[in-house]
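Heads up, the next two complexes both have subunit A, just with different partners, subunit B and then subunit C.
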Partner chain A sequence: MSAVLPARPAAPRPAAVLPARPAGRWRVVVGWAVVLGITALTLVPGLGVEVDLGAVARSWRNGADKVVALLQPDWAFFPRTVAPLLETLQMAVIATAVAGAVSLPLSLWAARTTNPNRLLRGAVRAVLNVVRAVPDLLYASVLVAMVGVGALPGVLALVLFDVGIVVKLVSEQLEAADTGAIEAGLAAGGTQSRVNRAVVVPDMMPGFWTQLLYVLELNVRASSVLGLVGAGGMGLLIDAVRSFYRYDQLSLIILEILVVVLVLEAVSSAVRRRLV
Partner chain B sequence: MSAPLTSAAPAGTPAGAAAPWPVRLRDVVVRYPNGVVALDGVSLDIAAGEMVAVVGLSGSGKSSLIRTLNGLVPVTSGTVEVGGHDVTAARGRALRALRGEVGMIFQGFNLAGRATVLQNVLVGRVAHAPAWRTLLGAHTAADTAVAAEALDRVGMLDRAWHRAAHLSGGQQQRVAIARALAQQPRAVLADEPVASLDPPTAHGVMADLRRINRDLGITVLVNLHLLDLAREYGTRLIGLRAGQVVYDGSAADASDRVFEDIYGRSIRPDDVLGT
Partner chain C sequence: MTAPAAVRPSRGGRGVLAGDVALPARPSRLAVRALSAAVVVVVVLAFWSVDIQWGRLSDLPSEVVRYLGLMFAAPEWSKLPEALWQTWRSVAMAWLGTVLGILVATPLSLLAARGHGPAPVRGALRLLFAVIRAVPEIIIAIVILSVTGLTPLTGALALAVNGIGTLGKWGYEAIEGIGPGPVEAVRAAGGSGTQVLRWGVWPQVLPAFGSFWLYRFEINVRSSAVLGLIGVGGIGDMLTSYTQYREWSTVGVLLIVVVVVTVAIDAASGALRRRIMEGARARAVQP
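Let's turn to the complex of A and B:
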């Protein structure tokens, strides 16, 4: 007897039909409500921030002159910018190094997984919340009054600003990390601080360096603003050329900061690749 | 087969030369804050140098049992004695000194992945070195030698400078065993040490634990849920069900019937590892 082919499937597979999407029409309604609400907040007088579009039409020409000046950087001004630029870089690097040294132990004290003492942890976190709440420009103003005009108040302001950021980010990273090695260290008879040193520090270093490189970039940007209140760096020069309406010179300064930030970003992303 | 014991070993001798410790539990109850009773009146006597397999389904309390022995899990009532020292009463410095004498091996290896193998093994010396040395990472030549000896014993000496995370699962568990050995422990606790490993690797790691017990005479307690491993590597079998000891006897003699009793159900294919 010859082989018998299995019967052909009688009908082709029916087309796959998606079940109905569960969400109702309320998503669309809420979406439009948010858009309309924000628009109203922007434009309706007395309700929100009172954006006066009329003012834009009346005075845009004043700004346009400045933009034209900004597009023509005064290259001859370069020699006078070198010293302040270097000072800005030095401030940024020193502040990052000091902030790193301070942040490492503080991060370990601020994380639940590396500091079981609720009181000490709460105290560290409370102080850092206050540190983070104060704007860096305010630190600089107060410190200029305390230690005098120059780079020192700028560096101190940057350190405070950096510590707030680094400890927050690194301690959150610690709390998200696996705690198995800590358990093993404690089981071997280590104190929390010794276990932190022996197993937590090696594992946290890449994330820690990443955050430090990030605040180094922030420091270059921030230290050029801090000079406005007398705290050293490019800001002093920015304040001077701005008050003489030399937007062509300001343009050169902005370009230089841009170049420095781009170089830093390239360097830090190259370093980060090696860290991981 | 029991190993020769040398109780009068001088300090600084290779891993395992210290006299092994017996373990004693009396009416131990562990109730977690959420109300779960993990251990419900457990009393046990384990002699120094025994190789004990603790068997039970997950949730039977075997992980809690092993963790009461080094105080990682506090007991609600009852007493735990390790080497004649009361673990339940020990706090702070005394508890850390006690933990320093008891090695522990975990299901998930619990290594610092970015640290080197050697750094991980030196964690086993934390209770034996002054604090400033740990904090500065300035280990003595003697401690480093103990760590190297421990690594050699599990065949991982050539990987000393590799990062732990770059090793395979079986290699990581061997490093974890070396970390426990570097403590020069008097007892080793292993909590499901092969549950994350494939069968051949699992047998290799279990054989390492058996050698620690036979060659060094160290008391070893291993939590297992696979009956063939428990039979093959344990000399004594303790069965836990719902926080109570339901079997305590020779591992080799434990029939499938015994395991069905411990598990409270019939034996299934996934209760054995195979080879």
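Let's turn to the complex of A and C:
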């Protein structure tokens, strides 16, 4: 870049010497071409997502009516939403607590620095990769068939979902941490499990709590829709309101979820600041 | 273990003498204690008040084994072609949702970044991002389907709207975290506001943005399977109907397809993301 600037203001301005363009720009072009190609493929009628603008134009009024209904929440509906909202919160708290208890040992087993056994570590990671690949609502719909309708399948689905996330995040954090203390513990003659208990666990706690708070936020959001498949909480109400096209009541439900999530976010970010 | 502790001076002279080793006074743990007590109370209250018959847990293990047998003992492989076709439709939905989300979120995140957008616009956009992030995408889809009907387009639009919330937030945070050097250089050379964005900001944030886009696509692939529950099409739709018919051998095939496709896309996208971020770092080291 310095070649472009004149050395002295008084000296005659030298011809600007531009640096050579970096090589490998064809890769960028190919990258954009691939992205555009896939996007075009997803828009081909009959093959991907059909974009029928005519239908959108026809039902535009319908949508406008719904938006008007959304803007006028039915406040009289509030008493009926209290119990489902509480159940949503209960499910989120219970699932977070259980997931925390389960994922603490699993995180230690899944991290390279705290579990030298390659086989066991690989097994834990492989199982959790599979667990993480299934969305929470799919767990819920299968679990509803297994244990019946209610909050229990919801809690179980959330626990599965949470353990996948927490173990991944916490074990990555463990692997990124400085290994000095662990080496010192091992050099002093501690076994790996004793070192984990005495050295690693106290050290990982702030990060662990941070992830649990994050998961609690996710749970409140997720458990508000789990009821769509019969797994308790607000979702059951959302399903009823949706099938009667009561968008004014849906609007109140959205507002309540919004308030709860935003309050929780504010509280957890305040707590997180104290933790870290 | 005691030798290093002896060397450390006791803080504030209030150390406790243990033999000849002066330990520093413990910091006040009142706040931590109060917080943990509150956490315990909330958790116990939730367990105590929730309407769950915990007895049903006792037959869960046998039920899990029974259903796993139903699903995976003899999977209905004849449904595989249809499952793959529906998966492609879900992935197409996720892709289109990601692209639309990127197109809207990128300019908005530039406007929401400190130093680039006007203050009132910034505040409004940040509130919008927070609101969108708080609403589950399935509810966004329920609202959108009143206009577009039960089509994959509804799913794509819901994912796009949801993507605006996350991509917008990550975007403005990345823009606010860049080094001020290039921006100042463009400004000093007489660059206008847009030129500062194009030559000072954009090259710096592009690797991070690319990584966010790929990550958002991973999220969308997962969510597109869930959106099928309200009937917008794709693998989720198929899964819901076969669960309702209780055709577990087909559900087993569908779950296998979902897991394999999700893990494969995660792996590919994760490798690409690492390449983008580490490639960028290697380039930044060179003068």
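Assume the second predicted complex is superposed on the first by the 218 of 276 C-alpha atoms of A that agree within 3 Å, B and C clash if a C-alpha of one lies under 4 Å from a C-alpha of the other, contacts with A are read in each partner's own complex, and residues count from 1 in each chain.
Throughout what follows, a contact is a pair of C-beta atoms (placed from the backbone, for glycine too) under 8 Å apart; a residue touches a chain by one contact, two chains touch by 3 or more.
Fair warning: this is a prediction, and the values are worked out from it, not measured in the lab.
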item	value
First, second, both or neither for A:187, with subunit B first and subunit C second	first
More subunit A residues in contact [subunit B versus subunit C]	C
Touched partner set for A:206, first subunit B, second subunit C, both or neither	first
Subunit B versus subunit C as contact partner of A:130, first or second or both or neither	second
First, second, both or neither for A:215, with subunit B first and subunit C second	neither
Which of subunit B and subunit C A:158 touches, first, second, both or neither	neither
Subunit B versus subunit C as contact partner of A:43, first or second or both or neither	second
Partner chain in contact with A:91 - subunit B first, subunit C second, else both or neither	second
Which of subunit B and subunit C A:142 touches, first, second, both or neither	second
Shared subunit A contacts, counted only where both subunit B and subunit C touch the same residue	188
Interfacial residue positions of subunit C with respect to subunit A in the complex	1, 31, 35, 42-43, 46-47, 49-53, 56-57, 60, 63-64, 67, 88-89, 92-93, 95-96, 99, 130-131, 134-136, 138-139, 142-143, 146-149, 151-153, 155-156, 185, 222-223, 225-226, 229-230, 236, 239-240, 243, 246, 251, 255, 258-259, 262-263, 266
Residue ranges of subunit A touching subunit B (in the complex, touch as defined)	180-181, 183-191, 193-195, 197-200, 202-203, 205-206
Subunit A to subunit C touching residues, read off their complex	1, 35, 38-39, 41-43, 47-52, 55-56, 59-60, 62-63, 65-67, 70, 86-87, 89-91, 93-94, 97, 129-130, 133-138, 141-142, 145-148, 150-152, 155-156, 188, 221-222, 224-225, 228-229, 238, 242, 247, 250, 254, 257-258, 261-262, 265, 271, 274
Interfacial residue positions of subunit B with respect to subunit A in the complex	70, 72, 96-104, 106, 108-115, 119-120, 122-124, 126-127, 131, 134-135, 137, 176, 179-180, 183
